[in-house]
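You will see subunit A twice below: alongside subunit B first, and alongside subunit C after that.
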Partner chain A sequence: MKEGSEGHTFKAYDGALSDLRVRAQQMGTLVAQQVETAVRALLNADGEAAESVLTREHRVNAYQTEIEAESFRLLAQRAPVASDLRMVLAISRAVTDLERAGDEAKKIARFALASASRASGGPSRVVRKPLRHMAELACESMRVAIAALDRGDAQVAHDVARLDREIDQEFEAALRQLVTVAMEKTRLLRPIFDTVFALKSLERIGDHAKNVAEHVVFLVSGADVRHSGAGRDAPARESQH
Partner chain B sequence: MQPGTSTQENPARPVPTHAVEGRLTTPRPSVEVGKRSTGDEQSLVIKSRAEGLSFYYGNVRALKDLNIEIREKRVTALIGPSGCGKTTFLRCFNRMHDLTPGTRYEGRIMLYPDSLDLVGRGVDAIEVRMRIGMVFQKPNPFPKSIFENVAYGLKVRGVRSNARIEEQVEQALRRAAIWDEVKDRLDNSGLSLSGGQQQRLCIARALATNPEILLFDEPTSALDPIATARIEELIDELRDQVTVIIVTHNMQQAARVSDYTAFMYLGELIEFDNTSKLFTNPSQKATEDYITGRYG
Partner chain C sequence: METADLSQHTSRRFNEDMERVTTRVMQMGGFVEQQLQRAVTALIEGNSALGEEVARDDYRVNRMEVEIDEECGRIIATRQPTASDLRVMVAIIKTITDLERIGDEVEKVGNIAARLATMEKPSDNYREIRHLGKLVTEMVHDALHAFARLDADEAFGVARRDRKVDEEYEAIQRQNITFMMEDPRSIRRALEIMWVVRALERIGDHAKNICEYTVYMVHGKDIRHLSLEDAERQIREFARERKGA
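Presenting the complex of A and B:
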């Protein structure tokens, strides 16, 4: 994210805002890694990868606590206005979505761990293809949203919204397939349920990525598109490149 | 300039219909003077309007073709860096510059509903000051009693009845939220009060003549935070009674007390908008840089 070309008269204020952005970017990168690793663990029955996701989960939570505390301090001590205020609010909102995306990655990793240790039947084979596709879309949408947050680029809100729609469509299609299988083969209900939860987690990760992109639109333009359905046609009238 | 317009081209909002090549010609009023419309943004009456106002200290042009509408019974804040002309502009409203030799006005400041040009030739400056009160940066009570400070303007206005003067002095002191603190010592010197009380006494003095517009020139810059809060609370209460224009260097004060904010720079009006809009999403980069502390 770019700030005013002059920089603040208070250099410490510049430093604090810059630090906030850097930490949000670090958190976003970590969450994107968590999602990718969890998905890889699930698709490859890789218990070690799943373990690493669960081990790193506390770092995601720590980032959220730190960033929100720093945002709170900046609001209290610096009383930011205009683009500074929007940035603090947008980052504060974005880290909530990032933390929840991290939680979804944790859920996927737990399923992957159980699958790898044979405690669970693993993802239902009939949806491996849509599961893989959803995983790719979810990872991409999170990466794009985080890059947009870093650059203050509201244009990509369209891209993330499109990815989210694709994820939703894949989710609906996979659910229909799973319902059919569940009716035919009731002995597979357990792995089917587990798979539905994994799919739902990926669908939620897509939602959180879209939310992050909407926060970027707010940061850049001041427009709140969260409930307007405008995320798909966000007023991404400028970029902070 | 109506709220929500600026003197620079802004792709984010439509250019006002009266804008010509980025400069504003005499703007059409957003509402008919003296009439109220029902639209949210347009439901206010215009109390005053500067039209093509320029002001000169000798050969120095301190104000450059200002166009701005002041809404009735609302608080309008003027902000901008030192030397931008905000105090100069404020002082035009009650002709304070008349006391300085070599100054001159161009353009008009219309006062409604009388359609009186406040800076027009032939308009009595004393009469203007009766209708446009002013409170200064530093409290400046007269070296007289508290009562006499407030009664002064009434006497100048020719009020002779002691009963009426007493009634209006009490009313002014109550409106200035200082009555309870001074009602038992009205004969004491105004200078015996604390700084914050002196400033509220000056506000009472200004209110005594029932001004149509009250001008505040950095009214809290010499006060501590508690006294500042009381003055701000008082301005908030006065909002329903009188049109207020306030010059302040304190961004947060402008954000707290005003309904509209005008940002000035180098004698020009850069942006004028609802305060909430200007402090969350200003249209002009110069405004953004100033209010976020990136100016200079």
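Presenting the complex of A and C:
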């Protein structure tokens, strides 16, 4: 954890608080890994990779429980005020989104596992290109958001929001494509449904990454009075679905 | 592990703060419930104006969340509540996050209802969706009721209903696919309906989350990643230990 780097200075926090940031960062790294592995499992029909995502899911949950319990202890015992309080609240919120992104990775892994055992390879081939593109965008947005959380860098929130918009557009395009296929090949409806949900999970991961970046803005605006109030005003937008 | 006891607060001002915030959470919950009912009605009646109105009004849910959230932050900072009081504050902050997400799901339903209004209605006239909508609306209502009364037993009962919602969800999706196979022209509509059903299922999840916060608030135990059976067993054991001590 770097402090005072790149001009976005946090004041020096005591051990417990910086511990909390380290744990959140570790959780973020694990979630990003989960997303990447799940996506690889899906694209390569790699059942083993999918299994490893499912096996590690409980670690994501354990991080959430632990970080929230620690946040609570900090609030109860030290009664932090102002920027420290904001930091604890921002981390709690980021952790919720990280856990949910981890949940989506789990769903993708389940789907990958099911389609890896399916002989046809299924309709994911039909949407392979947009699927791959969406997966890359989702992984990137997660990575960027988690790096922002690490550095306390509010500037990248715009980048993450832009990535999220791109993911949404790609999702809509893939959906249209799938509907066309579904109309022609009704026997593929069930696997197409599954693919739609996998795409949806990627789209959700983009949303969660954007939320994490917004929590960073909130965190920084508390730490630096010049940006105060900049964080929570922007309403969170989601796609239509 | 102590139990939240609102009658024992030493700070009268904290009590007043808490009462005010709780009232606002209930107002927010009431509005979200109303939005949910209106969204389902808009879909079933093919009322596109109502669907659009519901979607438009979601900003009010968002505004309530931000306001209550800020209020909670202010109370934590100025009153420095004790552990059990703080637990109530944390539960409130989490509850409004889930209410806000329910609002987002409702907004989606409203938008879809508006789009579907011009299309032909399915042959079952949304009977299944009406039923699922009723199930989740009741869940949200009862989850908030349990929350307001700090009733962990009721919260467990409501949380258990989420399983029924998940079953209904699976059944409707299967049926939806059958409809599509029979009539490929209905695929566009069926996909929209699929998102509605998905949104309703998610709302059930959020209601269950609120129940989990109630258990957390009352018993101080985080049960989110446990099965309901394990959670109930552990809570019973805690209660016994407390009595024994």
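One rule holds for everything that comes next: the second predicted complex is superposed on the first by the 203 of 241 C-alpha atoms of A that agree within 3 Å, B and C clash if a C-alpha of one lies under 4 Å from a C-alpha of the other, contacts with A are read in each partner's own complex, and residues count from 1 in each chain.
Just so it is clear, contacts are C-beta pairs under 8 Å (C-beta built on N, C-alpha and C of every residue); 3 or more make two chains touch, one makes a residue touch a chain.
No experiment lies behind these values; they were computed from the predicted model shown.
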- Message: In the superposed model, which partner reaches more residues of subunit A, subunit B or subunit C?
- Response: C
- In the superposed arrangement, which partner chain does A:85 touch: subunit B (first), subunit C (second), both, or neither? both
- Task: For A:68, decide between first (touching subunit B), second (touching subunit C), both and neither.
- Result: second
- Query: Can you list the residues of subunit A that touch subunit B in one structure and subunit C in the other?
  - Reply: 79, 81-82, 85-86
- What residues on subunit C touch subunit A, complex-wise? 59, 62, 66, 69, 73, 76-77, 80, 82-83, 86-87, 90, 93, 97, 104, 108, 111-112, 173, 177, 180-181, 184-185, 187-188, 191, 194-195, 222, 224-225
- Query: Of all residues in subunit A, which touch subunit B in the complex?
  - Reply: 3-10, 13, 79-86, 221-222, 237
- List of subunit A residues in touch with subunit C within their complex: 58, 61-62, 64-65, 68-69, 72, 75-76, 79, 81-82, 85-86, 89, 93, 96, 175, 179, 182-183, 186-187, 189-190, 193, 196, 232, 235-236, 238, 240-241
- Item | subunit B to subunit A touching residues, read off their complex | 11-12, 251-252, 255, 279-282, 285, 287-289, 291-296
